[in-house]
Amino acid sequence: DLVFPSMSYRTGPYAAGGIPFADGYADYFTLLNERDGGIGGEKIDMPECETAYNTEKGVECYEATKDLGSLVYQPLSTGITYQLIPKVTADGIPMLTSGLGRTSAKNGAVFPWLFNFPANYWDGASVAIKHILDEEGGDVNDKKITLVYHNSAYGKEPIRTLEELSKKHGFDLSLVPVDHPGQEQKSQWLQIRRDRPDYVIMYGWGVMNQVAIQEAVNIRFPMDKFIGIWWSGSENDVRPAGAAADGYKALTFHNLGDDYPLYDDLKTFVYDKGLAAGAGDQHGTALYNRGLYGAMLVAEAAKTAQEIHGVSAITPAMMRDGMEALEMTEEKMAALGLPAFGPEFQVTCENHGGNGFAAIGQWDAAASEWKMITDYIQSDQEIVQPLIEADSMAYAEENGITPSCD
Amino acid sequence: MPDQLIFAMEVFLNGLMAGVLYALVALGFVLIYKASGIFNYSQGVMALFAALTLVGIMEGRVPFAHLINATFGTEIHHFGWHLPALAAILLTMGVMVVLAWAVNKLIFNHLVNQEPIILFMATIGLAYFMEGFGDVMWGADIKKLDVGLPQGINTAIDEITYGWFGYGFFIDNLDIVATIIAALLVIALVMFSQYTKQGRAMRAVADDHQAALSVGISLNFIWIMVWSLAGFVALVAGIMWGTKMGVQFSLSLIALKALPVLMLGGFTSIPGAIVGGLIIGVGEKLFEFAIGPMIGGATENWFAYVLALIFLVFRPQGLFGEKIIERV
Amino acid sequence: MLDAAKTQTETLLEVNNIEVIYNHVILVLKGVSLKVPKGGITALLGGNGAGKTTTLKAVSNLLASERGEVTKGSIIYRGERVQDLTPNDLVRKGVIQVMEGRHCFEHLTVEENLLTGAYTRAASRGDVDADLEMVYEYFPRLKERRRSQAGYTSGGEQQMVAIGRALMSRPETILLDEPSMGLAPQLVEQIFNIVKSLNEEQGYTFLLAEQNTNVALRFAHYGYILESGRVVMDGPADDLRENPDVKEFYLGMSDEGRKSFRDVRSYRRRKRWLS
Amino acid sequence: MFYREAGDFKTSYVEDSQTFPIKFDRYRYYFVLVCAFAVVPFVINDYWVNAIFMPFLIYSIAAIGLNILVGYCGQVSLGTGGFMAVGAYGCYKLMTAFPDVSIFFHIIAAGGITALVGVLFGLPSLRIKGFYLAVATLAAQFFLVWLFNRVPWFYNYSASGQISAPERTIFGIEVTGANTEAWATYLFCLVFTVASAIVARNLTRGAQGRKWMAIRDMDIAAEIIGVDPLKAKLSAFAVSSFFVGISGALFFAVYLGAVEVGEAFGINKSFLVLFMVIIGGLGSIFGSFAGAAFLVLLPVLLKNVLVAGLGWPTDLAAHLEFMIVGALIIAFLIAEPHGLAQLWRVMKEKLRLWPFPH
Amino acid sequence: MLDATDEGYVTSDGRKIGDVLMEMKNITLRFGGVKAITDISFDIRQGEIRAIIGPNGAGKSSMLNVISGFYVPQEGEVWYKGQKRPQMKPFQVAQLGIARTFQNIALFEGMTVLDNVMTGRLNYMKTNLFQQALWKGKAEEEETKNREVVEKVIDFLEIQSIRKTPVSRLPYGLKKRVELARALAAEPSLLLLDEPMAGMNVEEKEDMSRFVLDVNDEFGTTIALIEHDMGVVMDLSDRVVVMDYGKKIGDGTPDEIRNNQAVIDAYLGVAHD
């Protein structure tokens, strides 16, 4: 068996975000089992473990599942990621943190067991600015851009990048932190109303997203100038504000909607057989798709690993090799029934994080769905790459790691 | 007028409004504390539960659908009706009364005459239970709550103030509604507790369970009554906050915003909850406005507590709380 | 003082061989039986820890709130088993207890305290006010302090509040636990006189637990003496007053009349009926 | 029949005031210690250490600390999370500033720093009492978390805002960092836990403990018989915070290895430790252990039973887990309001009387 | 009238009463509008048993509270051992050697009898936090030493059998005795007793009287006592102060008080035997 543990959070304050991801993740593997008999003939086993987005429970989950021969972890929480970094490194199990976690893990020379393709927080910030540049005809000089962020390690991630970008492009950056959990943001939005920024970028999480969007609606901030990171871009975040949230934008590193051949297979092999995970009511949502995408990436990596090592029952170490040799191309995705579902990228030892492509989605309140409004845009590598280099090397030094790619 | 002053006025007004919303949550705490000396940790969860139930009933969701489907392999989710808000509110109220009855019957009946901290602990157990129960009953997704309350900037005020200052004030319609409701609630509750027999009995129970029993006050009845009242207040708070942020787990955390209010106003005072709310609301907003930018912002959470703490040092029972009787 | 006719009348309250256990382990009453005749004053006497309070609480059903329970025996009021009633049902039936140690509602004013006594009554405003006046007549001191918070009144004043509060419920039977404790002598006299007049004029029945044996036996019709959770002696009050043991241990009299408290300095082994 | 004081005569006051006056208890205690030190390290694996023993041991220290404050001195505090954070960040700063000093001393020093902070936030307790104080301590909780998040100096300006424990050894054996052995971290924590329990027991059985308890039971009377409330309360805050700081330091350095303040030391932590103390039993060292065990083990146990055993979906299981934990808390309180420790005591009392019912 | 000069006097049973130990001068105490004590002066002499009596609400307990520093009078001075006592916190007063019991028992309900009585010794226990944390050595030694004193008090008051019982389980009378034990354990030079015999039957009052007298006799402890049982007051006390509505209406030997018309009117009701 191939073991892909799912560290999900279907309870607690972030359950609304955790449920669709976990469902998507599970359904994809179920589909592979039902339709293809697993991967390369090996059945997939997916023990699910509830973390409630809590670091201690995360550790418990990890310890409880790691001896089952787990191939790869997707901890889905930056906190848990940090705990697991030393542990997976010591235990030799790869970990994938798409769009979250430690950004500088992109440097595989320092973090051989970590992967964070296809995009990270710094890419997100840069892509958002690129989009604004596009909107403004390439000139954002003296434009005001405000970052509303969750006042935690996660929310603070984009600040460095944005500061660099503001130097480069000449926009004014102002920072508005929101303390956890963020059910009350009057002060913040009054300030935004006074400052009249041209754009607001948001790094929010949980209830903070819903309240921010509602408050933005309340002060009549133009929704199409309000851009959230991918964790602020689910149906959950916009629905409570109703029709007024129409036009709100969010980044994404995978496609939205359910108009893909894969969904037909899912229907035949999973939903109709009553095998859907959870309540089975999350299909086609942004986070469900993220779950599918996450599962698809590791499944493809597993296939790659099987090819490299010529065995079907791969070990975590082989899995790592597979991930490091993973190549996502348009043909591959189309063959999987997910044409153009995510950016193309190729993983190498030096680059565990993809090429920093992300796209912009926009909420259509009338149709009640997210629509992609741009192609995948690459982040400003000139800015992002040096930051990653610096941070990962600092880590290497602190922990006495000699970066190597052999 | 200098801009900063105008902004400060706007912040002040919004602080008042925010304060009212905190006070709505605090009221529920006060009621129960006043009637039983129980510090009801689960008040926030009650607000969540009330809001969940309201949405569930309105949208015709099948309670425990997930559990039923998981156990019996069925696929039921909705009854297929959509109730008008008022009817749903009344039904929810009924549920809250049942809850009050159950809480009393199953928990507090067995804990008469125990120390406050034990009762507090029991409400924590209750909070745990209801958290799980609410989720199992109605699911953990975020639900939109719309009972038809207006929301968004009040244009009249915006325009008038624009005429005066050249800067239109932002006042949220929802906050205005909340203020009116809170004022009515407070007046009604004050009248009730000061001037009626049941109100007096309620205060008596808070002082001494045993003595209250000995004069024939039925703790059962009083407690079911106040827990129902608190349930009603929780429902009101749940509607207000739920409209703002969607009905979801984090709704229960609004309790944390109510605590400094409670402490400042006094655990036992209904008007104190309102006054405390206003002071906290204004205080934290103004602080964030004036000092926040200098020290990195996001100060509201802790500042509310520090503000309350400062008041307490001078008045250990809160502004309006009953004096703590110290005698030997 | 014993009115033979009265003891012949119906038994209002009957306690049959009850056992009480606190906290599941501490056995306090080991089979106590009593009979309280209608319209009588029955005294429950005994030293500290004999179980007087426990007996009263068993009757008024306040034990549950102290993690105590009646494990054996029965308590019958007006021929009906009342063990499983709630305290407020019992108050409605006309049995009210004045608890030992006052137990006032600290934060309520003296007057509000008294008014809580009328909680179970469906009386009109006027009736209640009249009763309030009656209580103030009995205890003028309370009238002076009617607006103060009970928590700030003196010990004796609180005792008056507690008794006054019970009267406000217009009960049939009052269980009085140590009414004289902490009261000035003339007030003790006064309270017992009030008890007596309530008994004689309004026909209230009293079961009172009292340490002040002297006064208690002067006013009561019948007495029970408890020791270590058992009734060791009972009889008409007058008989008890003449009993030499009672005289010595409970009334502080020796053959030569009242002893001075100074004279008991030498060590003296207690004589006990039991143990 | 064997559980009796009879025949177990004490001939001196020292003997009479020992921790386990009954012989049987004493032997059982030694037995547990021997097992903990000499047997368990040989039989446990990563899972047992990381998922159960370490959290249990570390939370026990925090619970002991909080119990001193709440259970012995009667000052309810909801600032435990914040104080644990002080311990963690203190330890981190010390570990990185003085890499050559043994981690053992860093942890003790972190406790000392926390004690100072605790005293500072304890000052309002002189005026503020009961639940008012409890809520007031939340000011400490929120402020400290905000501070550690806000001031980059505390996390050495790391890009992520997280702090990660560098590798440190004791007698050449790694106890922090990536390459630790399960038994080593376990023993390291165990030493702290046992020492904490012994110190706490010593402090609470003598004059200091009585001062605290006097303040707890009736502060006015205590003052009138000669207890200086200022000293008593602040010393309780200091000692309590000391233990809490140590547990925070261990929690960060040995258990999790990396933390972010808001997530690891948020308000939930404050409540969790308080629950442990109350469920375990206020004013009982044993209760602190019982409470920690209850709240660490029960969820894990329930999860294993419901998900692994009965095959329930994880979310339903998690919700049910909440319900069961909540219901059990209530059930225990109803059965015995004074906590597991008291339940245990009543059981022993019954045992002592056994086979007679009373 | 006793010959109450500064040198003291001799009581009827031949005990020598010494100097003035404590003197209250013109004490006035108000609570908002309520005047609890109005301009009262009296003294307590070394070695005597001084009773304070008066109707309920007269201000007796308040007077004890003034002495123990819990209430701060608006006017008046407290002199102790020949010196004016500065404004003090209650615990400082306790450290001067003044111990007391309370009208509404103020025991530490969560502790055993032994621990409660041990709290009486707190002012004698000086080891610091670190020594106590270690226990072995200084702290243990001190504990044992003080335990011996306490055991003597426990023997003296005959409460050996309940040593390890939590006080919350004790009946009222025993609690009073434990409270006395706690006060005695402090080996005070002045002992204040607020209604020590309330809620006791004659036999128990006799016991209690014996203890009070023995303390006074054996240790020479000065005692101030509030009591409503006139038998006890008249038999035990050397001198009596009578208060009514916050005012002093009498002061003198029991015999004088017994026959004081004002006292009879306000308090005794009838002349007491």
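Quick notes on this one:
By letter and in written order, the chains are A, B, C, D and E; residue numbering begins at 1 in each of them.
Quick note on the criterion: contacts are C-beta pairs under 8 Å (C-beta built on N, C-alpha and C of every residue); 3 or more make two chains touch, one makes a residue touch a chain.
These figures come from a predicted structure and were not determined experimentally.
Traced through touching neighbours, the fewest hops from chain B to chain E number 1. The interface with the greater count of contacting C-beta pairs, when C-E is set against B-C, is C-E.
Distance between Cα centroids is largest for the pairing of chain D with C. Farthest chain from chain E (centres taken as the mean of C-alpha atoms): A. Mean C-alpha position of chain A lies 75 Å from that of chain E.
The geometric centre of chain B is 32 Å away from that of chain D, both derived from CA atoms. Chain centres here are Cα averages; for chain A and chain D they lie 37 Å apart. In chain D, 146, 220-221, 224, 313, 315, 318-319, 322 are the positions where the chain touches two or more neighbouring chains simultaneously. Residue positions of chain C with contacts to 2 or more other chains are 26, 152.
Residues of chain A found to touch two or more other chains are 10-11, 15, 19, 151, 179-180. Across the assembly, chains come into contact as A-B, A-D, B-C, B-D, B-E, C-D, C-E, D-E. Residues 21, 23-27 of chain C are the ones touching chain D in the complex. Against chain A, in their complex, chain D makes its touches with residues 46-47, 50-51, 55, 146, 149, 159-162, 164, 166-167, 177-179, 255-260, 262-264, 266, 299-300, 303, 307, 313-315, 317-319, 322.
On the chain B side of its complex with chain E, the touching residues are 327-328.
On the side of chain D, the complex with chain B involves touching residues 70, 76, 124, 127-132, 134-136, 138-139, 142-143, 145-146, 150, 220-221, 224, 267, 271, 275, 278-279, 282, 312-313, 315-316, 318-330, 333-334, 337-338. Residue ranges of chain A in contact with chain D, taken from their complex: 8, 10-11, 15, 19, 48-50, 52, 55-57, 59-60, 63-64, 66-67, 78-79, 82-83, 85-87, 89-90, 102-104, 151-153, 156-157, 160, 179-180, 278, 387, 391, 394, 398-400.
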